[in-house]
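Shared between the two complexes below is chain A, which has chain B as its partner in the first and chain C in the second.
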Partner chain A sequence: MNTTVTMPQSRSEQLVIQEMADETLVYDLDRHKAHCLNKTASVVWSHCDGTTTVSEMAEILHRDLNLPVDEEVVWLAISQLGKAKLLDGPAQKPFTGAVPARREVMKRMGLIGAAAMLLPVITSIVAPAAVSAASCKAKGKGCTTGAECCSGVCGPGNLCL
Partner chain B sequence: MASVLRESWKPAPPVFSGSDADLEAAAPILFATGAASLGWWKLRSTIDPSTEVHAGLHEAFRMHALQAALQVRMIVTLIPALLDAGIEPLLVKGWAAARTYPEPALRPYGDIDICVSDVARARTALDTDVLRRFNVDLHEGGEHLIDVPFGEVVANSMAIDLDGVAVRIPSDEHHLRILVLHLLHHGAWRPLWLCDIGAALDVIGDSFDWEVFLGTDPVRRHWIACTLRVAESLLGADLSKAPDHVRSVRVPSWFERAVLREWTRRHRWVAARPIGEVIATRPWTAPAEIVRRWPDPIRSSVHSGARFDRRTRFPLQLRYACSRLGKVLRQTMEAGRSRTAPSSTIGP
Partner chain C sequence: MLKLDRLGWAAGLSFRAYGLTIGVRTNTASILERLVPHLPYGWEVSGVETVDHLFSMLVGHTTEHATPSVVRRVGPAGKRRRFNLLYDGILLDIRTLDVEELLERFESSVRLKVAEHAKRRVFVHAGVVGWRGRAIVVPGRSFSGKTSLVAAMVRAGATYLSDEYAVFDRRGHVFPYLKPLSLRLGDDEKQTHVPVEDLGGVASAVPLQVGHVIATRFVEGASWRPRNLTEGEAVLAMLAHTVPARRDPAAVLEVLNRVARRAVALKGSRGDADEAAAEILARVDSGRVAR
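Coming up: the complex of A and B.
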């Protein structure tokens, strides 16, 4: 299949984006959700401009990441971007039905082991239990122990003295 | 813990030479004290990527990277609002410390510390729907943070461009002094604070004025020199630019031991109940709770203005514990009185 369907527009409002070496981190200020896009998903998302076609995108992935030229990979990324609410417009695949599952694409393209990591992945970031790095709380702020308070004393009513 | 964080703030940290047991012991403290990103930075190439520790540290790094980006958005919104209200804000700790690290994610911070000359006016300026949601800690004239006249700190401050906004921060000398004194006032319990010192020392230039940084008070000069030496011995901070009298200062053995002990001790306190509540509701458990919260020798010395020497810290700790307990008891009694006093606003 060689579609001339253009890529949807990526969402830009109310997002905080951090480009890292091999992934993109996105914080959705509306939904208070954090996402991590792997390299493939990041490249696809960065080309969601409403003008690049899906087949062009497949070529870009082949050129930049050495992925086999296959539009299904692009549709897989678009589907995940849509689910993560990172697209502005609808992300409907035309004509040929549903977007294949990740496992199906892997099987069809013969991607195994590390190569399978090249498929687009968007994961939610869940921070491990970590206390805030704020050093201490000012007088009148809520507390549970004196260690949290600048004064060193967590007073009555669980407020810093 | 020290072996994990040793030189972890460097762009290319040295390879971790500790054992798996060291790592297992350090991991919970890294997470609990906000040093997980630094842990990942240091260990990313040495620990097995399939392990839970690696995944957790990496996830923390990602989260802190986003947090850092969010904080920057807040700062560039806050600063112009304060300037528009005619208030000159001086950013300290948090972002001002994070900028000395190779990646902003390595130095997470929960609030935005801003020194202003008039907190009441600043509060009014920040009392809007948007700005009220930001976690801002205002310090009038740098109170509790720096022992240098605020006017002098402002006069020597520098403007740094942050996404097109000129953000003022103290000079390198004053800011490093703030970081050291803040660490001491809080008993050095967060390992990140000692890393801040290592990271700040790496970026100071040849023009750094050590006399301005150390100040004139002999006791404080000694505290500061001891802290730098402990940062060097525990974490590999680079003191090559420091004057000889700092590099050769005698550090009492209790100081380094206390730092290491605090790193493993304070994080357990987070879930503890306030001592006032313990005394009021379960007084028989108070002695054990007091022992558990026994003040560390660092804070006890600093709050007494005592020199860091070889003498036992016990009398200072006892005095500090009594003063804190007295404060809690006074406040508990006052709160009790105000609860039982008849209200003047209700009734005929």
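Coming up: the complex of A and C.
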């Protein structure tokens, strides 16, 4: 399938971006989520400009990262970027709307072992509130919110359960 | 003027820790002496009158007459006992009849305040030891077995830097945070504070560059078979336990990025602390990385 569909626009507002050697770290100031984009996801995200087409993107991935020319890889990245709320435009594939699973793409492209690492991966965490990152309190200790307690529950009498 | 400011404050002290000035005022001067052991690591007397954060401590007393909202009738004679109150700024932090609980709460609130607002330092909830001139940082939340692993590495010859916070400067070097280790010796979750010397260990006096980041937690019966983390994953592993992560993410990411760039980061569950400590130190010695 040769798609002339253009890539969605990447989001730029309310983000802190740190480029690393092979990855990109993105902190979402609205959601307090941090994302680590591997090389492939980073390259796709950097080309989400609303003008590059999906087929052009597949060529770029082939040229820069030696990935087989396959638009499904691009759609997989777009889908993950969309889930991470890093795009401004819609992340849906036209016509079918279905994005193949990572495992399917790996199988179809015959990627095994280290080569599979070339597929787009976005690892995300929720940044902790200060109180959640500190030592939590044991059962029976005084508390005002659940975040202070190791159990996550501040019970009756303002004591951790 | 706030209502809290109009109360009769008998005494106060101000101190500085990690560039932050904190004041405490109280209605009972004698409590100040008892506060001192609860002040955060690295504190020094400040003496300034304007502080970054102010705590207000109202110590209750047993009396015949008191307003109902702050008293509780106790004992067979039905005497009224005032609650002890701690305010963090204008917010009530704790209301308790137990002065020890009040002091413990003060300690944890101040420690958190310093960790969140420290100037030019980034606090990550982590254990830290020194080995062969580099630091091993073990980020993790409470009850993940962090302190047990730190204690085991100290018993195996590593120098002690912290069992609570990895304190990074802008270059990514980690500084000692030398409080006694908080070990849970029984099944009852109660912590015992053990000086590092009691473990036969030595504390480090100098900051160190980070050599390894170990993201691990205790799992009964598990053996230590870690996998390598990428630099980005290592940053996330530390960020998940970083106190000022939300307050200043740009500065935090920059510092953690510097740490991750120079360190080997490993992730995996561990079983027995002593066995895991021996394996980690041996791995560092051999310069091996996981695959």
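The working rule: the second predicted complex is superposed on the first by the 122 of 161 C-alpha atoms of A that agree within 3 Å, B and C clash if a C-alpha of one lies under 4 Å from a C-alpha of the other, contacts with A are read in each partner's own complex, and residues count from 1 in each chain.
Simple rule for what comes next: contacts are C-beta pairs under 8 Å (C-beta built on N, C-alpha and C of every residue); 3 or more make two chains touch, one makes a residue touch a chain.
Everything numeric here is computed off the predicted structure, so don't read it as measured data.
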Which of chain B and chain C A:125 touches, first, second, both or neither: both
Which of chain B and chain C A:32 touches, first, second, both or neither: second
Which superposed partner A:50 touches (first chain B, second chain C, both, neither): neither
Which of chain B and chain C A:21 touches, first, second, both or neither: second
Overlap of the chain B and chain C footprints on chain A, listed as residue numbers: 16, 18, 20, 23, 25, 27, 34, 36, 125, 127-131, 133-136, 138, 144, 150, 158
Chain A to chain C touching residues, read off their complex: 16, 18, 20-25, 27, 29, 32, 34, 36-38, 123, 125, 127-131, 133-139, 141-142, 144, 150, 158
Chain B residues within the chain A interface of the complex: 31-34, 36, 56, 59-60, 62-63, 65-66, 68-70, 73, 93, 107-111, 135, 137, 144, 182, 186, 189-190, 192-193, 266-267, 269-277, 280, 293, 295, 299, 324, 327-328, 331-332, 335-336
Contact set on chain A toward chain B in their complex: 16-18, 20, 23, 25-27, 34, 36, 125-136, 138, 143-148, 150-158, 161
Complex contact set, residues of chain C against chain A: 93-96, 101, 104-105, 108, 111-112, 115-116, 124-125, 141-143, 164, 182, 189-191, 230-233, 235-236, 239-247, 249-250, 253-254, 257, 260-261
